[in-house]
Amino acid sequence: MIPIEYYLILSAFMFIMGVIGVLTRKNAIIVFMSIELMLNSANLTFVTFSSYLGNVTGQLFVFFVMTVAAAEAAVGLAIIIALFRNKQTVSIDEINILKW
Amino acid sequence: MDNTLLTSYLLIVPLFGALFLIFFPKKSDTAVKYFGLLISLVTFLVSLNLYLEFDQTSSEFQLVDKFMWIENLNISYFVGVDGISMLLVLLTTFLTPLTLFSTWGSIKHKVKEFTFFMLILEVGMLGVFVSLDLFLFYIFWEAMLIPMYFIIGIWGGKRRIYASVKFFIYTMAGSLLMLVAIIWLAVYASEPLGVFTTNLLELYKVGPTVPQTIQNYMFLAFALSFAIKVPLFPLHTWLPDAHVEAPTAGSVILAGVLLKMGTYGLLRFCLPLFPQASINFAPLFSILAVVGIIYGALVAMVQTDMKKLVAYSSVSHLGFVVLGIFALTTESMQGAVIQMVNHGLSTGALFLLVGFIYERTHTREIADYGGIAKIVPVYSAALLIASLSSIGLPGLNGFVGEFLILLGSFKSQVLNSWVYTIFAASGVIFAAVYMLWMYQRVVFGEVKHDRLHSLKDMTASEIAIIIPIFIFIVWIGVYPSTFLGLTESASEAIVKQVLSFSTNVIK
Amino acid sequence: MSIEYFLNSLYLIKPEIAVTIFLVLIVLLDLFFSKKNHLLPFFAFLGLLITGYFVIEQFDIKGLAFVTNDSRAMVTVDSFAAFFKTIVVITSLYFVLLTVNSKEMDETHDRRGEYYTLMMGMVLGMFFMISGSDLILLYLSVELVSLSSYVMAGFAKTSERSSEASLKYLIYGALSSGLMLFGISLVYGLTASTNLYELNALIVVSQANSFVLMFALLLIFAGIGYKISAVPFHFWTPDVYEGAPTPVTAYLSVASKAAGFALLIRFIKVSFVFDKDTLGFWSSNPVFNWQDFLIVISVATMTLGNFAALWQKNVKRMLAYSSIAHAGYLLTGLAVLSDTGLIAILVYFAIYLMMNIGAFLIVILIKNKTGSEELDNYDGLGFSMPFLGVSFTIFLISLTGLPPTAGFIGKLYLFMALVDAKMIVLAVIALLNSVVSLYYYIRILKHMFLAKPKENSPKEELSLQQILIVLSLVIPVIFFGLYFSPIVELAKNSILMLGF
């Protein structure tokens, strides 16, 4: 059996990749994908702990997270399209009317 | 205790007057002027009635009204007067109608708003003097800032916005510190008393029992707030700006009453609430006061602007008051109270006179005048009386206050040194120098500027404004007992309260 | 689980059910009577009033709904929740009124159905944020609120600013909810539970790895901190507040902040506090030092909010920073970790609702006339629009915290809580912050009253309805400044949280 640490390390790695992606990438779509990566790393953690602890709550949580992720993607893409119609770009750097 | 409501009428009359004013139609400037004057005169009559009801022999707070207000925090609407606040109430109600009347010519736009703010300001000032509950006091104290901000900001001179913002920020910074100290004290008191209270009379009993270190912090928080208002050197920098930019009426009220609230706060709250800390810090504050006396006088000497000169002379005069308070003798305390009134009258008169001539010539530069004695003799005479009163010529009011303060500080056990007296006395001499020099340059000599020839002398209404002030200037100078009698027992009581906790401090 | 029990649970979530029903009804009405959609605001208003009635009913009820096994419940009903739900309902009522009176929203009137559906969705989400007691439900409700508010912020979709605000909101929001989710997953791994009440006992037991636990709690705080715009999770606030339609800004600044605070308070109190002494101070589990952490966050939040506001030229953006600063003041109340601190927070929130909504309302009404939110265009407005000018002055004085307005009472209670806990230094920092805040609030007054008016500045033409709405906020702000016993009594009765 694969030890629990392996799963956790993998999920931590995914999570960190996700955060780095959100913070550094310029393309809104890629930023979005990084966010999905973060959510899925959390899912992996839930499932791992759930099976390790023999407790179903974690599995349950994952279903909800997947639903939320889908909703978030729908809303997010809609907003990106609305913005694209206004500005003809999805690059974060060019979205800069509002600043101090 | 019966609620006679006599003291409350003092607040109710101008407050409702102001609220009623809102419903005046826009174009009715004349009606607004008369109404404002009427209200302030009625307030004066109310305060005279209060004076007649007042028992001068007692040092207790009298004519108190007390109603429970916020039960959760045990805060009550609690007002009353003792001799000191009585005198300051009279000063306030006396000066307000005069200043309102004096603006009839100079304030031409937004008369309604101006009158409204003046009346609200009067409520705030009177409220500060009669509050016997710290919470109530704080509300009046802060509520005054807003009308004053607008009076300076809307009707002021060229740099009015800068001056009004500076005034607001300075005072607010101080008073918020005081708020924390008030809460701290009240929370502290809730242990021995068993309840949270902001009742001043209850706190008088608790304050002295606060341990020395905490008391020092509380004292400093209160004192800083008051020192900014006084203003004590080196916190005075807002004052010249505010004075110079404020309209004449604003300057008169500012010098006449608002500054007194700082010194009043020192002797009503700082000293009795924190006696040990007061004695501890008395030398420090006395030194600052003396520095202020000399600094104010020296800076006044080099001013070229008449209004600024009077403003700096205020710093100097209020230095005397603070010295008198922290000398902690009955004489100096009484002198300080009389000096507060004196300063209100003589500086008020000076600001009014500067305002009168400014309306004619639109300049306050001393160099723009000269030789007006022959052109406007009545004005020159009035300016002379006001200047001499400010200097402290025997026979006029200024002398009484300064003499008592110097005498008291010389005898003072707390200060225990005559150095303060010597340096403070030199301030009197400086005052003579800058005032008389200013007077000489403005009034005597040759007429340098042709347009001065067409200067008109004081009008009947201007004389009518200035005469009542002069009556009191002479009255206090010649027969001060009327006023000293009023303050004697209250001053004694404060000094006694402070010194009774100081047996181990004074050797 | 018996059927009676299920019914009883449903009984306890009556407000939530009402919101859901009206949400569905709005969708249906919009679908079938789309020509008459100008009636939708009235309908939404009615729905909120009915919901409000059910919320007020809950003030003295205590109960757990949807208990699964051994006292684990999804939803907690108590006075504390009722208080915050009331805040949300009142804010939503004003939100409808603000929207109806905003010219900015006129161009979106064909999408009214969506707008009020989203609003109802947010209300539902906030209700569950306030009374949820399981991390699953809390995460879902946070997401429900967030997703609806992303769309709301970008509702004026043809405006570049609005859609930009929306995207920024989305990215920051998704990031912080991702962090929160990961934090929750770690807490779950350490304790094998997602129930707040269970965590209380389990966290102490599972001191296996306190470092991981601390890390997880920080991540969870990121999600909540984002909702209440606490530093360092505040970056979205100014941009979103400036770009979003003003009614939405007002709504976000009060309602979703209230829900976030309710969640944070419940999370800390239920999961970490195990006892309180006779004076009302809470003793919390030693696994995480909430007090020091909150002090640091609150000082950073108010200082940054106030100082950044000093340089703003756009009134909405200035109010955004000011709302960050107010979140900082509120956090100081929580940092005390005592009942007096909690009372102070509740009092402050009730007052903050009135003054902040009021300030945004005036911004909307002024924008209707001048078409601008820039500070320079406020010059002389105090005299050309006296009613709005004076009302704005009162709201700003109240936001500064000067007597005789209600804002002073809020500050007073906060300071009292701090002094009571001997946190004088924190009180002094909060007070110095108020002095700084005075500077930028009076800058608005300066422009309105002291600056020379612009040529042909527009006249003040308000409908009776608008005047009444403004008065309905101005009068309480003054009244509660002078007589605040009712608010304080209400707050005192509302600190009861199920648990102990």
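Lettered A, B and C in written order, each chain numbered from 1.
Going forward, a contact is a pair of C-beta atoms (placed from the backbone, for glycine too) under 8 Å apart; a residue touches a chain by one contact, two chains touch by 3 or more.
Note that the structure is predicted; figures quoted are calculated from it, not measured.
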Relative to subunit B, chain with the most remote C-alpha centre: A
Nearest-to-centre chain - CA centroid comparison: C
Pair of chains joined by more contacts [C-beta pairs], A-C or B-C: A-C
Inter-centroid spacing, subunit B versus subunit A (mean Cα positions, whole Å): 66
Separation of mean Cα positions, subunit C and subunit B [Å, integer]: 44
Approximate Å spacing (C-alpha centroids) for the pair subunit A, subunit C: 26
Interface hub residues of subunit B, defined as touching at least two other chains: none
Subunit A residues touching subunit C - in the complex, by the definition given at the top: 8, 15, 18-19, 22-23, 28, 31-32, 35, 38-39, 41-43, 45-46, 48-49, 52-53, 55, 57-58, 60-61, 64-65, 68, 71-72, 75-76, 78-80, 82-83, 85-87, 92, 95, 97-100
Subunit C - residues contacting subunit B, complex: 383, 397, 402-404, 408, 412, 415-416, 419-420, 424, 427-428, 431-432, 434-435, 438-439, 442, 445-446, 449-451, 483-485, 488-489, 492
Touch list for subunit B against partner subunit C, complex: 69-72, 110, 138-139, 142-143, 145-146, 149-150, 153-154, 160-161, 164-165, 168-169, 172-173, 176-177, 179-180, 183-184, 187, 217
Interface residues, subunit C side, partner subunit A - complex: 136, 139-140, 143, 147, 150-151, 154, 157-161, 163-168, 170-171, 174-175, 178-179, 181-182, 184-186, 188-189, 192-194, 238-239, 242-243, 308, 311-312, 317
